[in-house]
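Here subunit A shows up in two complexes: once beside subunit B, once beside subunit C.
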Partner chain A sequence: MRLTGFPLFVAISLFCALGGSAAARPPYGGTLHVEMRAAPTSLDPADASQPDWSGYRNLSSLMFDTLVSLDARGKPEPALATSWKAESGDQRWQFFLRRGVTFQDGAPVTPDVVAASLRRTNPSWKVFSEGEAVVIERDSPAPNLPLELSLARNAIARREGGKLSGTGPFAISQWNPGKKLSLVARDDYWGGRAFLDAIEIELGKSFGEQMISFDLGKTQLIEVAPEQAHRAIAEGRHIRSSAPIELIALVFGRDPQSPEDARQRQALALSIDRDLLSTVVLQGGGEPAGGLLPNWMTGYAFLFPTSIDLAAARQVRSEIPHTTSWTLGYDPADPTARVIAERIVLNARDAGMGMQITTASSADLRIVRLPLISIDPQIALNELASELGLPQAKSAFASTDDLYAAENKLLQSQRLIPLLHLRTANGMSNTVRNWRATRDGSWRMPNVWLAAEKP
Partner chain B sequence: MIFRRRLLAVFALTVLVSVVAVAWSISSFTRRAFEKANEERSAALVAQFRHEFNRRGEEVAHHVDTIAASEGTTRMALALIHGSPDYGAYLNEAKTIAENHQLDFLEFIDNQGTIISSAQWPAKFGYKETATLVSTIPKDAFLKQEELPDGAALGLFAVREVSLGEKPLFVVGGRRIDKDFLASLELPTGMRAMFYQNLGAGFSPQFLIDASSSVPQADRIAPIIQQLQQQPRETTTLVHWSSNPADDETIDGIPLTGRDNQLLGVLLIGNSRRSYVELRQRIRSAALLCGGGGILLAILLSGWAAGRVTRPIEQLARAARDVASGNWNTQVPVSSSDEIGELAESFNGMTRELLAQREHLVQAERVAAWRELARRLAHELKNPLFPLQLTVENLLRARQQSPQQFEEIFQESSSTLLAEIANLKAIISHFSEFSRMPQPQFQQIQLNDVVQNVARLFQAQLRAPERAPIECKLELTEPMDSIAADIDLLHRALSNLVLNAMDAMPQGGTLTLRTRRDGGLSYVEVSDTGTGLTPEECERLFTPYYTSKPHGTGLGLAIVQSVISDHGGRISVRSESGRGTTFMIELPRNLDKLQKPGQPLGVPARSD
Partner chain C sequence: MPSANHNAVYNSRIPQMRAWSSRFPRAACLCVLMLTHVPVILASDWRAPEEQLARKIAAATGPGAVTLEVVNRSSLSRPEDEAIRRGLSTELAALGVHFVNADQAAASVQITLSENLQSYVWVAEIHQGNNEASVVMVTTPRLGPPVVENSTVALTIQKTLLSTEENRILDVALLNGAPQHMILLEPESVVLLKLQDGRWQQEQSLPLSHSHPWPRDLRGRLALRKDHLFDAYLPGTFCRSLTTAPLALNCYDSDDPWPLGTDQSGLSAFFAPTRNFFTGALSPGIEKQTTVKAFYSAAMLPREKYKLWVFSTVDGQVHFLDGVTDQTAAKLGWGSDIASVRSGCGPGWQVLVTGNGDGAGESVTAFEIADREPIAVSHPAEFNGAITALWTDSDGTGAIAVSQNSETGRYEAYRLSIVCGH
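And now, the complex of A and B:
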């Protein structure tokens, strides 16, 4: 999808010569001002202590590259690795690196550096260099290893003297942890120089602050709360939303302790009116979720019921001699989560179950946002299971049926009750051109250019 | 001294009682004044609370009026007319409006009681809220309990109806009564306001708050709440928070009821008694200090005053003791003209009169004694003189009338004359002996030995055949303390008493010699069973030259009294007519009068 500098120049020249307007020609230069809600204190892809938020992969993709990337359909395509091959029944993989690629500090990308980077992120892997290739050996067959390597956490980084360096289209020029990140375009980027000269990213800005800055013209790219997207569009703002890529679920602190506990969880799942949560609370910024993965990712999610069945909930409730009055926790910094929690309390009460909301960490169950970090359903499901501390599938899923069975098994554990799948939304000013976000909302920043402000 | 001490005690007690009475009076007055002030402050705070309550109610009503009249509410009401509301569009509507109007509660409710938008519970859209909507919408604010996701709260609410068609829209807004509300009350020092949300039967400590946070030891409030739950009437209770009375607090409980008179909350106004207790303690300390100082001052002043008052009395007492001891020439100074001075003057007059009378009496007695002596001498001398005269006359007559018998008569008369002359000499010897009574020579003796010697001496005479027998009984206490006395004089005195007893028993009888000791004194009793003495005789018995016997000189008992007196003792007589007489001698130990080596006889040993 991207054009390298010279062919792009030729293409644009041809377009202009064939009658295109001069104003549509993508100009180089300009600084894109971005605001984001998250406030990471580290940019290191291997830093597992940082929250796994959906915007991180976009931030990471500006500075770092992975060996493999995914195309729009979720298929692996070459990135830093130009080719790869599996051996020994998918237990041993060889990745051949692109030649001539350098880190932002000028150091060449070598198999040793790449192996060191991957070992840091995945200590359990056996990673080493072998000639021009990087070899990864796993304990068990890993047919989806290229997909795993496309995850942002597996981005290749060079750490020298406490300084972090990547191979991405932008280099770090200034880093104020948790507050501001300044990036400059790399002229020697192996994929071609980005149109933008620089990107200034303000971190830790709430949705409201971002919207104010956006309306004041101080920033050109912001994150928009899913529930605000509809209104923002109605008010004339330019909003781009992704497919649902984040799961909101009720997550219990432990497995069901008794049959009554399991039945009460079942009653609660039946009592929740997800449709109203989606249409009213989220204002269409999400979809009711009966399963863990959204339907666009698996194609079978509609099989999991999402509608409220109060009669069934009451019936199940009536079969429980004594219900437990649960405490429902939520993130006090997330107003949407509070409304959802309050609504669930009302739904549970309709079914005859008492529940109390709390911001304490010791709640019986919590409202949790779980980003789906890959558009590949297998990777996304396994990562969800890992995030929740549930057992992951041992091997790759041969078919959709296997995937469905694995997801259904996770749901049957009753450790969580899916509520909604949320979209991500970005607001951008009219000067931002050639925005090409993927379905999961990933940015393709090198193609973006800034048009001149209209007087 | 005793009188002075009593006087001191009376003065001190008077001061103490006065101070205590004053302190108690002040303390009582203070307590009443404090309680009155306490009541007034509580009443003022209650009035302030009601004023604040009404003011907030008016504010709430005003804001709800404003919201009901706003364009947004009108649009919402119009949307209701045109069909089902878009809950999503109004999800945060109430919250935003409530924040703009500084309301804690705001709900938009349709005519079916369905919540369109809720500020306090945004997720409650679509649910029914019929409790607030009654047939008559009150104009003023009212108290209402509001259910919230994290519990329940009490608030001041106002309801307004927006009617644009057949489907009215109700705007229900309110403000929470919580610690912020309590903090807005301007409380005097020492007072605090607490609030209890009555969310159920019984008392739950978590529903009790004050302006800062939850109330510690909330269970102490429980009885007040429970009382108000049973009978919602204002009540006042004294709460003891600790053993320190300064921590006590008077708490007024004011029930707050809703539209249906249900008890929704209780306003508790605490009035610390610390200032009162501290004031009371200060008063007590001051009273104690004043009392102590007053008592000390009273002791000093009363000592001085009592000294002034009692000194003349003590002088009088001393003078009276002198008079009692025989020193009648005693005068007391007259230092004042009051009753004490008058008493001293009278005392001096009395002693002067006593002296004069004693002088007169002495002179009279002296004359009487001389007369008695003269009489006695005349009598005693006359008795032998008369025979002498008769004998001489007889001799003269015999020489003239019977010369032949003269020799015989002369011989007889010479014998008679010699006898009478001897008698005269004896009489004169008695008188001479009395006048030359020697000073006692003290030595350590055993009284029982003296008594036994005397009894032994008279044993033969008592059993003489020529007289009726007299039985001698010795009743001696053993052991007796040794005493210092002149054994010869004592022997002589006892002998005189024994002789007297024998003379008193011509018909015989029993002579009893008895000794005993009592305290530091020794006693000797000589009893007879004779005819006894009359009281008049007993009175004059020891008067020199007085005798009831026909041939007595009247000096025997006088000598006995003189001996006993020289030994520092006393003699007394007890007699009953027809049953006998008992002489009782009381002798001190006189050990201090023992002669030291080298000391001249007859001079009492001085004790240094």
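And now, the complex of A and C:
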């Protein structure tokens, strides 16, 4: 039998011999060089002032852990807490800590330290230790508390003598605020030592600077602007994108002041060509958004229309005796926002409404980037509402219908007009292995390993 | 909507309290007959959400004439999509909603089969007259059935799916007997299952204690024993099943060497307790050779007067040791994992080798080694994801391969055997 098929087997042998890299087990070691746009001046998870949320979250996950994390489907799973239970109608929660975990400085993780960390981030919560557990008491039922605790801002940190220490897979070896962060793998990490020995992160680098460094081989992992991801792939770079995880929206400074104001906002929403913004301006790096949350998160986002309806926009406009010429603001440091603003002004004009773009902070409405900070739709929606200063919905929804109704209510406030949901993208060299693409673009760095450069 | 479970507890599984059957053999051997095990095909039952959505629609439209359109925006397959359409039509008809052309309809209903991370989301938009559309929806959990593939050509590697688990499976041992049993080694437990009515039913779960964090790319090995049921080897930890009933596990810190190859191969090697490879120190050694380069896996091929050991070393090379010489082969394109299998085909033994794994899937190919020259003797057996474990089973008639399905993320344990002929 073997002889009859011999040529075939020789061919297979040759293929195996000459084929690409083998499925080798991951080797430990190496330093990963990273560049990022984020330029945080503080690494404290409780510091809510950091502008680049996505980048900050990824940095934080290298050094800090949360009590609870979310699995790929958004279900809570143990992290620093191994179990938890609710009492008193979800107003009182007990979280039981993983034993034997230490901070980077060697101090043990105790309920007292965890409680202090959570109190700092959430001053309105009553958090205290009780035996082996951390107890959190809320003013009202909080059935989604484990989901809230998975947010990066609720990462556990020990603050002692002005020094910050986490329990994460990497320890800080050098920190130059806003410029450079050096990390080394912790051998005693409770989740198992990371494959990498170290990570060197250059901060505050623009997309352009990052791409140049990447092409020169100075860095192995960069961020890529969503609108440049397709081109980067076409040019042969290895790019991984998330699902749409950031909302770009027009946000008004205040509620509609009159029925005419409300009608004009409706006309503007109908006049915007989101498909063009998505395909031309963003080069497929995003999706048209009619709602606040993307369809992968809710399953119903298609119910919110995204198509331009100029005839309807003109009809609504014609019913308004006197329209206001709005000013449309954008962040001057965001070139994509400017292009979007210019397109929206043209769309508004087509519908018979005047509009001017400005970089002043006093604009009537602004183009705003709103990160969806959890893959859980309830948490994401409530955080969006909080960010926009809108009333938050009730703390938990019994059904998808309820979530839909809550999102619909936020949209009907007419405080914002959704435009696009954007992806995040990373470029990485061929030596970066086992990079697991996540829905929300979050890093799973402890599992990443470096392959040897091919000669 | 998904929400955090009340009173959710995520400790290790609670051991099942069912005692061992007295008929269960202590001296277990591998179950070749498992090759005949037929994988179970999970059929989804859509009746509950169909009924639920139909009731919601009928509550909005009342009995009467409607137009119905169903759009699939989800990952449901076409047959599933069609089955759901039929089911919804049936349920609606039972509630007095019948279907007509648009010009005769009092309402139009558009149903969209959508999905989110955790659930299928079925949405019905109901238009009646000039009223604003009303929207109703139902959700039902998403399931991922296991996928089984079989090679059908050349000297064939036969794959038999044994188990799919959310948890990483480190090794599997099959036990002959009536009924048949299977042991799964997982990072935090050893699970005993019984084959009943063609399905594996969990019989007992034994928590596995360890004092140090597991290293990444965790590996572990089960070894069946004659005087007790099994030993489990993990990095820096050794566990032995106790002979008392019900079955229990005694685990302790240990750097004892792990057995390589089959029960009869007689060679063990020390495993680095905080890494994913063997240090290279052998016990007792191959004749006078007591060390080799640090390696990921080893396979033994019996020769007439000696045993040829093949090592896949950490530096990407393959070493052949026969007790006297250590020959090196580079650039074979082999993966890290190898395991020998006694097939009875050709020279009797082959080496299974993980292959080229740059894509989403990975493969295992059988090789024969004549005079240190490996020749592929089978087509690759394809897997739906990275292979995380490949161990020769206790009697050497097969190997256990575990892969992580790149689509579902679940771990799939297969028994691999080699079938002679085409």
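Keep this in mind: the second predicted complex is superposed on the first by the 431 of 455 C-alpha atoms of A that agree within 3 Å, B and C clash if a C-alpha of one lies under 4 Å from a C-alpha of the other, contacts with A are read in each partner's own complex, and residues count from 1 in each chain.
Everything below uses one rule, namely that contacts are C-beta pairs under 8 Å (C-beta built on N, C-alpha and C of every residue); 3 or more make two chains touch, one makes a residue touch a chain.
Note that the structure is predicted; figures quoted are calculated from it, not measured.
Student: Looking at the overlay, what does A:Thr279 touch: subunit B (first), subunit C (second), both, or neither?
Tutor: After superposing on A, A:Thr279 lies in contact with subunit B but is clear of subunit C.
Student: Name the chain, either subunit B or subunit C, that contacts more residues of subunit A.
Tutor: Between subunit B and subunit C, C touches the greater number of residues in subunit A.
Student: On the A-aligned overlay, A:Ala72 touches which partner chain: subunit B = first, subunit C = second, or both, or neither?
Tutor: Second partner only.
Student: May I ask you to decide whether A:Thr358 touches subunit B, subunit C, both, or neither, giving the answer as first, second, both or neither?
Tutor: first
Student: Where does A:Val184 make contact in the superposed view: on subunit B (first), on subunit C (second), on both, or on neither?
Tutor: neither
Student: Contacts for A:Gln378 in the overlay, against subunit B (first) and subunit C (second): which applies, first, second, both or neither?
Tutor: Second partner only.
Student: By the touch definition at the top of the document, which applies to A:Leu145: first (subunit B), second (subunit C), both, or neither?
Tutor: Only subunit C; A:Leu145 stays clear of subunit B.
Student: Where on subunit A does subunit B make contact in their complex?
Tutor: Answer in residue numbers: 276, 279-281, 283-284, 339-343, 345-346, 356-358.
Student: Considering only the defined contacts, which subunit A positions touch subunit C in the complex?
Tutor: It is residues 1-2, 5, 8-10, 12-13, 16-28, 72-78, 82-86, 90, 143-147, 187-195, 295-300, 302-303, 375-378, 396-404, 439, 446-447 of subunit A that touch subunit C.
Student: Mind listing the subunit B positions that touch subunit A in their complex?
Tutor: Contacts found on subunit B: 87-88, 91, 121-127, 149-150.
Student: If we count contacts the way the header does, which residues on subunit C are in touch with subunit A in the complex?
Tutor: That would be residues 1-11, 73, 112, 114-121, 123, 125, 135-139, 142, 154-155, 213-218, 274-277, 296, 314, 316, 331-337, 345-346, 353-358, 362, 365, 367-368, 374-377, 379-380, 386-387, 409, 420-422 of subunit C.
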